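The first chain written gets the first letter, and so on, giving A, B, C and D; residue counts start at 1 in each chain.
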Amino acid sequence: MMILQVKGVSKRFGGLQALSNVTVDVPPGQILGLIGPNGAGKTTLFNVINGVYKPEEGEVIFKGKNVVGKKPYRLAHMGLSRTHQIVRPLKDLTVRENVMVGACFGSQNLSLGKAARIADEVLEFVRLRERANQLAGSLNVGQKKRLEMARSLAARPNLLLLDEVLAGLNPTEIAQMVEIVKEIRTRNTTIIMIEHVMHAVMKVSDQMLVLDFGKPIAYGTPSEIANNPKVIEAYLGDSSLADQFNAELAAKSAATAE
Amino acid sequence: MTTQGTDAKPQNELLNTLLDNFKIWTKKLSHPGLWITIVGVFILGYLPIADQSPEAAFANATARESTFTILMSIVLVSSLNILLGYTGYVSFGHIVFYGLGGYVGLYTIIEHQWPLWKAMAAGGAAAGVLALVLGSAILRLRGAYFALATIGINEAMRAFVSNYDPFGGAVGLSIHFRVYRETYGSYQDAFLVMYKAMLGLAIAAVVLSYLVKSSKFGLGLMAIREDEDASDIMGVIPYRSKIIAYMLSAILPGMVGVVFFFKASTIEPAAAFKLHTSIEWLVMIMLGGFGTIMGPVLGAYGYQNLRTILLTSEFFKNIQLAVAGLMLLGIILFIPAGLIGWLRRHISFTRRVLT
Amino acid sequence: MRTFVKLLSLAIIAAFVLGAVATFPAKTHAQSERTITIGFTASQTGKYNVESTRQINGINLWIEQINGAGGITLSNGTVLKFETKFYDDESSTDRVQELYTRLVTQDGADFLISPYSSGLTDASALIAEQYGVVMLTAGAASDSTYQKGFTLVYQTYTPASRYLTGAVDLLAATDPDASRIAIVHENDKFSTDVANALNSYAEDLGYEIVLFEGYDSGTTDFAPFINKIEAADPDAILGGGHFQDGSTFARQLYEKDAGANMIALLVAPPEPTFAELGDAALGVVGPSQWEPLAQIDASKAEELGIEFYGPSSQEFTAAYMEMYDEEPSYHAAGGYMAGLLIQKAIEDADSTDTDDVAEALDNLDILTFFGRNSFDTSDDNHGLQVGHSMMYVQWQADGDELVKQIVFPFEAASAETVYPIGSE
Amino acid sequence: MDFFAFLIDGLLIGFVYGIAAMGLTLIWGVMNVINLSHGAIITLGMFGVYLAFAELGLHPYLGIVLVGMAGLLTGMVIYAVAIHRVINAPHLSTLLATFAVNMIIIGIGTAYFTTNARNVDFSLGSVKAGPVNIQVTRLVAAAFSVAVTGSLYFFLYRTKYGKYIRAVSNNREAAELMGIPSAFILALSFGLGTMLAGIAGGMIATFFPFTILSGGTYEVKSFVIGVLGGIGNPLGALIGGILLGIFEGVMPYFTETSWVPVFEFGLFVAILLFRPQGLLGAKK
């Protein structure tokens, strides 16, 4: 059984067709990479999946239930977590409290005491343990990204939506984060990740979905996607990204050749 | 029960949960800040009534009156802080609960000869119900729109009560002097009862705001304050939490209204729903530090004392409003976290003691 | 800049802490030479600031005069001098009880004068009763204050229930054909009390109340009321509230040419500054507790067979004008009168003891420059003013000048009523 | 009763409400600050015109012009002193900062002017239009409101600084990136808002008596108007003001006048709930 099925979802903002007829199935335990040029509708798809937006058409089936029209908190209770492209730390709360919010109100519905324990565990895992008592607003970008990650992990989600967790990180941080993602997957959590850092997303994804102007243009394993002319063409519309894409493909093939 | 913990196996979930809860509550209730605040409020309130001899009662009469005002402010702003400080919703018209509570309470006292405690319960309940009804509607609004809606509601309520005959319309309600003598022996004795009730409410307000803040529910509120949408996504149910917070912040002010207007023996729409007073509450919270337990208490204490000084000093009497305005501006611009917030931020050891 | 901000923050915190911990040394009052303290609060910053300021002026004039005359000498040889102590109550009930408690227990006030408004007076009267101090009220016209079972509260002014009834009598006497009255009043305690009493009084006399409406305090646009008034076509428009709304109402009635024959409004018309309205003030009638023009002296007292006490109207007016360089309004006279009543009661009682003074006030029936004064002594209305009654003034043209004339009661009138309004 | 009379009177007062609200909604729209000193500034405008008229013997309309210029400067000073530091802070900070300004103005004003009512004894006579008597001062105020709305429109859409203001209003960060001096523009907007409030106060002073506390009424009405007409555009404020004026004028035709505020504020809350962008607002 699929943990998530998106069936023919369309979403419109005024005159803008943000998503049209997107369909994708995600089996449990998989990492799905979601890529596409800026404005392709990736984050919108996340927002539709976790109930922030209601699609005009289509269904989102999470754990066998159609969740269209359900509020985000309902999905959180059902075991869905996400991070945000632009980090949203709860600035005036401590790092630990931030993570406790995730643990307390997510699918586990833990008491404060348990949540605190889980929070410390998770902070250890994302290497923020020593900053637990700091205010979240005082962290740097990389730390904030890991905090977002910790917060959504603390909820013990079945499905985790990661929105550009690598953006803005330096290479060491990226490597760390990739390790964390891999580690999460071993805990039987399904992941969908939006990413622009190609080599990283290619490395960890089982399947990839490419969106362009709200339409799914390709679906397959990372190597299938890498060789799909439609994808390259889509990125060519956005020259800088196309360059990046090609450069990374080159790097990747170099790496595999070794 | 802790001894049983020694052979507790990890899979013994129930015991673990109990242990967890026990630890949390011990930790919660042993926070020095809570006790400093409770003891402080109690001492503040007890001193003027400690010596009941007639001479002492006379000598302490002014202190009792001004302490009553301070205790009253402590209840009002600690309650408002649950909504403003924890949840981040600015209620400008919070006085509507105080006014409505006062009206309902005086109505029951005059029309049904209810004793004070029963009238207080009625006033608190009325405020709670009003908060539930209003909150369900206006808590959909965010930021300044919510603040404006609370102003609108207070004005609408004032205009309504001015026309509402059971509440005396524009003339208001008034209690006969005999009520105090017949029920309590004398106005002095009645005042003592009111004073103790207010002291009790003040301590209740401190405990309530502490319990809310240190609970899971409170954590949810603070998540809403920091980022309502993100908290929703993390599983906090914002709408429900906000309504509960709104109710919690309304009930005690409703009861305070009953006590205050019982003390004054008279209530009129203009006095019960005075927007300006409502804004003063915000000022007190800002002075002390919003979102903290001690902040509103200290803010109420400092602000009311300051007002007494300004009002009774020959020099400031005429421009006391302007001086208070300058102080407020100074606080907002330079110490926006308030006294407690500033201390907690800049002097690290205070974080363990102040809350 | 950062250090500056930090220092400033520290300074503000320091000021705040100082403010919070500062305590007040209790005043030790020297009782060796008997100085009698008159305590009261006044609305220095609230909306009743004008009325309050005049009242304080009146009280201070009285203090000046009595002390200048060597105070009161009791039969046991004690000489009593007087001083005042007052605080700003901001026209708000929030702290009025605290301030009166402070006056009694810390400042040692021997007698109290009430705040200006009825709501504040109700609250502060409780303190007077609690500590057994006599309180004279000036302002605080609502009858309900005296129906609450107080025993030490005495009213200087004519109560609200008789504030505007004389205007109906005036209408009846001037125009027997008039039958329709519109009442438009401010929606606050005092004005509503006045309007309700007026309503039943007029109905009892057989008038038809064609409009009875209240307006919110602070109303500036009276157009809807005036439209309704025009539609109701009354012979007289009665009502109003306080100074600002009253003068606004009068101005708009004039500008929109509302067309009644008589306009009588509360509070505003007797104020000298009402004349700033110019032509709009012309013909407007208003009830006044007292007028400088009123000829009240010992001869009147003889007719009534009661004692005349204190200065004559002219003497008071002259003294007031000398001290403040403006004509006294009835609020000024009321403040002076409250002091005068205390003075008379102490003299009658030959004591400053509360019970003795209260008894003297209960038995009082005198004529002063302010008019007759005596109090209801029944349990239900104790302290209610029963001797004094209102005068009615009308602004009339005297060449280019606007002058305020007394038009009712006829025996005190300084001029004929101009009726209908604008017929001059 | 002549319904037409109620309507005309409501319409006329509506123009005044509109101009009174314009400053508030401009500041609200551009800088997302609800200016709680708006009422106090309106009062300053009233007193400004009063002083110019009574002390300096100037024509009230000349007084209004002076008040407007003084208002622009005062507003910029208020912005620099009290608001700039907290412009990016949460709502509560700007609300309380402007409220503090309000306390300071009212505090000093009460000490200086007392709460005595003042009256600018000035009249241009009145004209009879059907069932109603209309004061010429009110007609002038109405015409003036329209003129102010028009010039404000012109300023915002046709001049450099006006365009800057709109840019800052739309997206402060982007505007800064484009090199627009946002601090100055914000100060200018606040100054303009203050100027409008002062002008409104001066206008009102030509036909209503007032005290130092009179501005409060217009402030609360301005909130209602802002919500009725949508924020940030002068025409919205004018139309919102006219709607409110007509509402207040016409409601008494159907019910007791003392109930009008109940409906007025009830409606206000209802609009906030169901059309927070304003009755006319289309954006966002």
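As a convention for this text, a residue touches a chain if its C-beta (ideal position, glycine included) is under 8 Å from a C-beta of that chain, and two chains touch if they have at least 3 such contacts.
Here the structure is a predicted model, which means the values were calculated and not measured.
Peer 1: Spell out the chains that contact chain A while also contacting chain B.
Peer 2: Where chain A and chain B might share a partner, there is none at all.
Peer 1: Comparing centres built from CA atoms, which chain ends up most distant from chain C?
Peer 2: A
Peer 1: Measuring centre to centre with CA averages, how many angstrom lie between chain C and chain D?
Peer 2: Using C-alpha averages as centres, the distance is 36 Å.
Peer 1: Any idea how many Å lie between the Cα centroids of chain A and chain D?
Peer 2: Computed value for the inter-centroid distance: 48 Å.
Peer 1: Counting only residues that touch at least two other chains, what does the list for chain B look like?
Peer 2: Counting only residues that touch two or more other chains, chain B contributes 159, 162, 170, 318, 320-321.
Peer 1: Going through chain D residue by residue, note those that touch at least 2 other chains and give them in order.
Peer 2: In chain D, 107, 110-111, 256, 258, 260-261 touch at least two other chains.
Peer 1: What are the residue numbers in chain C that touch two or more other chains?
Peer 2: 44-45, 187, 214, 216
Peer 1: Would you mind giving me the full set of chain pairs in touch?
Peer 2: Every touching chain pair, ordered by label, is A-B, B-C, B-D, C-D.
Peer 1: Flag every residue of chain B that touches chain D in the complex, lowest number first.
Peer 2: 84, 88, 90, 92, 137-138, 140-141, 143-145, 147-149, 151-153, 155-156, 158-160, 162-163, 170, 279, 282-283, 286, 290, 318-326, 328-329, 332-333, 336
Peer 1: Which bits of chain D are touching chain B when the two form their complex?
Peer 2: Within the complex, chain D contacts chain B at residues 28, 32, 34, 82, 85-86, 89-93, 95-97, 99-104, 106-108, 110-111, 220, 223-224, 227, 256, 258-262, 264-266, 268-269, 272-273, 276.
Peer 1: Could you pull out which chain A residues touch chain B in their complex?
Peer 2: Touching chain B from chain A are residues 50, 52, 71-73, 76-77, 81-82, 84, 88-93, 97, 100-102, 104-107, 111-115, 151-152, 155.
Peer 1: What part of chain C is in contact with chain B in the complex they form?
Peer 2: My answer: residues 5, 8-9, 12-13, 15-17, 19-20, 22, 24, 26, 44-45, 87-88, 90, 92-99, 101-102, 104-106, 119, 122-123, 126, 129-131, 142, 144, 147-150, 187-189, 191-193, 196, 214, 216-217.
Peer 1: Mind pulling up the chain B residues that touch chain C in the complex?
Peer 2: 58-59, 61-62, 64-66, 68-69, 159, 162, 169-172, 174-178, 180, 186-188, 191, 263-266, 268, 270-271, 274, 277, 287, 298, 301-302, 305-309, 311-312, 317-318, 320-321, 327, 330-331, 334-335, 339, 342
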